Amino acid sequence: MNLFDFCYGLIHWLVDLINNIWYRLGDWLPWWFGDFFTGVGDFARSHGHIAVMAILLEVLIIIIIALINVLNFIWLDRKFMGRMFDFYGPYYVGYRIGGWLQNLADGIKLFVKEIITPAKADKLGFLLAPIIYVGSSFLALATIPLGRQFYIGTNADPLSTGVEASALIAFAFFAIAPFSILIAGWSSNNKYTLIGGMRSAAQMMSYEIPMLLTVASVFLMAGSFGFMGIVDAQHDIWFGIPLFIGLVTFIICLAAEVEIQPFDLPEAEAELVEGWTTEYCGMRFGLFMMTGYLRGYIGGALATALFLGGWHGPAFLPDPIWFLIKAYIVFVLIEWARWSLPRVRVDQILNIGWKRLLPMAILNLMIAVLLKTAGWF
Amino acid sequence: MAQKRKIPGSGGIVIRPMIRTGKQFVNSFIKGKPNTILYPYQILDLPPTYRGKHTLDFNRCIGCGNCIQICPNDCMWMEKLEDPELGKIERPGVDMGRCLFCGLCVEVCPTVAIHHTVEFELADYKRDKLRYGPKELRDDKFADKFKEERTKQRLPVLDMSKCTSCEKCAGACPEMVIAMMPIENVGRSKPEINLAKCTSCEKCVIVCPEKALEMKEIYESYFEMPEPKFLLKDCTGCGACAKACPADAIYMLEMPGTEKILKDGKKGKPKKRAVFVLEKCVGCGKCFRACKFEAIEMPGVRK
Amino acid sequence: MAEMWINMGPQHPMTHGLWNLRVKVDGETIVDAQPEVGYLHRGIEKLVEGRTYTQVIPITDRLCYGSSLTWSHLYCLTAENLMGVEVPPRAEYIRVAAIEMQRIASHLMWLAAYSTDLGLMLGFLYTMRDREVFIDILQALSGSRLTYNYPRIGGVAHDVPPNFERDTLRACNYMEKKLKEYEDLFEGSKVFMMRNVDVGLLKKEDAMNLGVTGPPLRASGVKYDLRKDMPYSVYPELDFEPVTHPDGDCYARYRVRMDEMYESCKIIRQAVQKMPKGKWRVVAPRNGPVGTGLGRVEDPRGEGVMYIVGDGTDRPYRLKIRSPIFVTVSAAPKMLIGYKMADVVAIMGGLDMCIGETDR
Amino acid sequence: MAERGKSVPAQGMDKTLSRVDDVPEEKLIRALLDNFPNTVTDFKKLGKGVVRASIERRDIHKACLFLKDSLGFEHLSMISAVEYDNRFEIVYHVASWGHNLLLELITTTPKDDPSVDSVSSVWGGADWQERESYDLMGIKFNNHPKLERILLPQDYLYHPLRKDFKGGD
């Protein structure tokens, strides 16, 4: 039973439950009114309607899981950072669960804050930037399956592979973010945000290439553009083992794409105040921040699916749990490096991207080609 | 002493810093606890020398106001009080909102009556509440608990009202630090004790027939205080300075030969003049401020 | 991108205080820079004229939040020079130990700020944690945590607390262990070296001409340390070595400060062990004579000089304070031009800005 | 990017060290007296390595150039302006690192014309210090590249360190 099947069954059951009352209501009413009622009920019970509802429910489930994970990530990040820095981290809000509720408290605080748009800002761009940023990230999220049967699908076939080329789609959506950052930086009408936006564009575009080259090696090995095919191909051996260079390159590129510490130049606190988010406040900033962690989650999930065998693991835990555990490990590793390293400079980050990571990615691709032609995969 | 630059190897890209932070993580999460002091629940240990809120010993304080004079921020003031035991007194209050906790008032106090406690949580909702009057500062027992750092010495102190100028103390002193100085227009002399050389042998106290000399504990002073200069020609003998003096260092003595002849031929009361026992003077300048005839000069003291 | 002026400050994470650095950038490269100070001008030189010699000490504490003790010590030196007061030897040793602890605390605060400038939050928390060790000792010594008000004209305010020697030696050992850790953390990291080496080059001639003093000067290869070259207090009796580095870049400044902390540990150890018994304070005269007094010390940030004019009353007639950073920051354009925008924080952070003393 | 600084020997004052060797204070006074016989009015040795000399203001720039170029006084420590009843004194504390000398060079200006020649062309570090003296004490420095207020706002009316300043609004 896959997620679609489950949702379909749930919606079907719910519709039947409601229809039970609905039809009886129709029986009591005059015939011309009762016919209308039964017509509506029949429409609700039709396959197309229930399938659409089921897909919406699937999306909702995936989003809720993602948001809970984002809260977990923020908490984990702060707590882990705190212990590494020799302090407690979140402590009092939600004392019994390790200060987990601190994030919710921060979220509420951001919700009730006033949203200020600078007087000389480009209003439309200023409003659109967070929407594009959040929307593109959620779209990338939608394509990632959490388990063999746990994905946003459209049929109940247990052997279905979901969306064809879902990995390509995920990377396409993942790469929209610099566009919105550039819009945010430009429309804020502030020199810091402008420089931050420009840096972001330069950085993300230069890191997109090595990242996609490593991903191409994975596609090559798996012979598929979809996550299902890629993860299924890793049943015997994770791609992270033969393509270790690719894994390293991918994680470094991921850190740059998600803009975390050694590569967080666009929002460099010391010289650019807060970079492209300087002028944002209230929940708009909250969205940016939340989406930053969401992108961290997506990045971890991508690395898991592409290199770490996805949901494959010993059978005592269900698929999604294995998937999330691996994603968390990748995230914690990135965070660990994040809090241990200073920030690199803008010329250095481009140097690293073009002079180190691109050759590594090409080398990785060559290894993949060799392995594939040798017939080992 | 030119150092060679250590170029970190490839492990320095990310592994070595991560090992360092990982060690700290293990130390503060698995082996022990973080270094943080959870402030409202745990409180930092403060040393006894910490300069927090003031406390005032009413019995020790003589109300000289030296603390008010030395305060760099003018945050202290004198308040007149009526105390059941001590009578009419003057004691200082402190405005914590302006105080910069420099500790000069504590250092300058001649009787070590004012102290700092380790209390530092003084924030309040209104500025008026930060003005701590003497009654709120009062803690007569604090000075006993406090470990005194300033050295004190038992020294003979003169009560001029009892002195008869018999000069026995000067004769008894083995160190020859007591000199009899004649007082102008009074016809008597007063023993002046060079306290810096005194060895506290108490011989002068024992020999004094009128018990005018008494051993008292005097604290060492770190500051050179201004000394009052008395101008006899301007003195009217009103006695305001003697009343104002917090250290009882000024005595009004009669000047023989200045009696007014009254109408009936009898002699009236003689004119008085102020006599300063400078060993007891704390340099507060109250006499200078009290004198309306400018018979007392104190350079460097504001009127 | 066209050239544009950017105001970094007065409210900016880079400034460590309240000043303004106007940089003209071409893309990310700096083509011109113009520091502006004065936002924190409190008129201390004028305030001093209305206070007695003793009352000035707490005011001079407020000159620099990072190293308040060295400034009040400098004022006391100057006033003693004016009045001709001889300080008892015990007081001198206590002062030296306290100043060197203050120097370590100040350098640690610099390291904390510097590492956050480079984006390493970690360094901030580690160094601030270890600075606390010395702050605690200074607190037990003087009674306060930031503005100590400890030196007096003619000595120091209190004698040392019990267990002072034990605590200080322990703190020195702890600090030397921790400094090794910092070296591991900072120099062992390639990213840190990438941000520091060859950044903010200040040539020796420029440094000498522009009046740069202190660690930035010694990092440019000039061996000049007032503690050694024009010794004051009891420094001639203590064995230490002024630290220099030939390179003149940000890394050299970092290295000089780190090595100075080692040297300070050495000095503290000697001062505590050699400390004689006796009085720690003499009574200073209330009125200063007519004349001038001069004090020069090696502040953690450079050469601090005070010039005092007495007119025979109990208040100073004029007190002129030479702030090392005020002069050093005028050399900032020389260091900044040609580097990237992100290097501004490294370069200005490497100078250890303290606006309290700059603006006075 | 600027090239890396060549590692130079730490002691850099070798060429000037040989000029004045024993009893540097007296040699310094003699050198000043020889070169400015008419304008150096007063001199005194204040302590070890500290010398005070007074010079008339018309020669201050020349004297500073001489001090830097010939005597090796490479460091201008401080410029302070002091107001007296009848004059302004501008005190230059000039240090020589090679000889461990500190010269307190005093020049006076009358009250109605407080101006001296700028020495910022001699020592770059004098630039801001002269601006500060101008700002707070109102001493005008001729030939200064940019004589503006530095600590106080540009439109401020007073020179607050003067004794007749009673607090502006």
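Observations on the model:
Letters A, B, C and D name the chains as they come in the text, with residue numbers starting at 1 for each one.
By our rule, a contact is a pair of C-beta atoms (placed from the backbone, for glycine too) under 8 Å apart; a residue touches a chain by one contact, two chains touch by 3 or more.
Fair warning: this is a prediction, and the values are worked out from it, not measured in the lab.
Annotation: C-D is the more contact-rich of the chain pairs A-B and C-D, by number of C-beta pairs in contact. In terms of Cα centroid distance from the overall Cα mean, chain C ranks first.
Each chain gets one centre point, the mean of its Cα atoms, and the points for subunit A and subunit B are 71 Å apart.
With centres taken as mean Cα positions, subunit D sits 44 Å from subunit B. Separating the CA-averaged centres of subunit C and subunit D is a span of 23 Å.
If you average the Cα atoms of subunit B and of subunit C, the two centres end up 34 Å apart. Touching two or more other chains at once are residues 122, 126, 129, 189, 191, 244, 246-247 of subunit C. Residues of subunit D in contact with two or more other chains: 7, 10.
The set of subunit B residues that touch two or more partner chains comprises 1-2, 17, 20-21, 24, 35. Subunit C makes touch with subunit D in their complex at residues 37-38, 41, 43, 45-46, 198, 201, 203-204, 206, 208-213, 220-224, 229-230, 244, 246-249, 294, 296, 303, 305, 307, 309, 317-318, 320, 322, 326-327, 330-331, 338-339, 359-360.
Partner subunit A is touched in their complex by these residues of subunit C: 1, 4, 6, 8, 12-14, 25, 28, 115-122, 125-126, 129, 189, 191-192, 194-195, 340-345.
Across the complex, subunit C is touched by residues 81, 84-87, 191-192, 195, 198-199, 261-262, 264-265, 268-273, 339-348 of subunit A. Across the interface of their complex, subunit A is touched by residues 14, 17-18, 20-22, 24-25, 27-29, 34-36, 38 of subunit B. By the touch rule above, subunit B contacts subunit C in their complex via residues 1-3, 5-8, 10, 12-13, 16-17, 20-21, 24, 35, 46-47, 49-51, 70-72, 100-104, 107, 116, 149, 221-226, 299-300.
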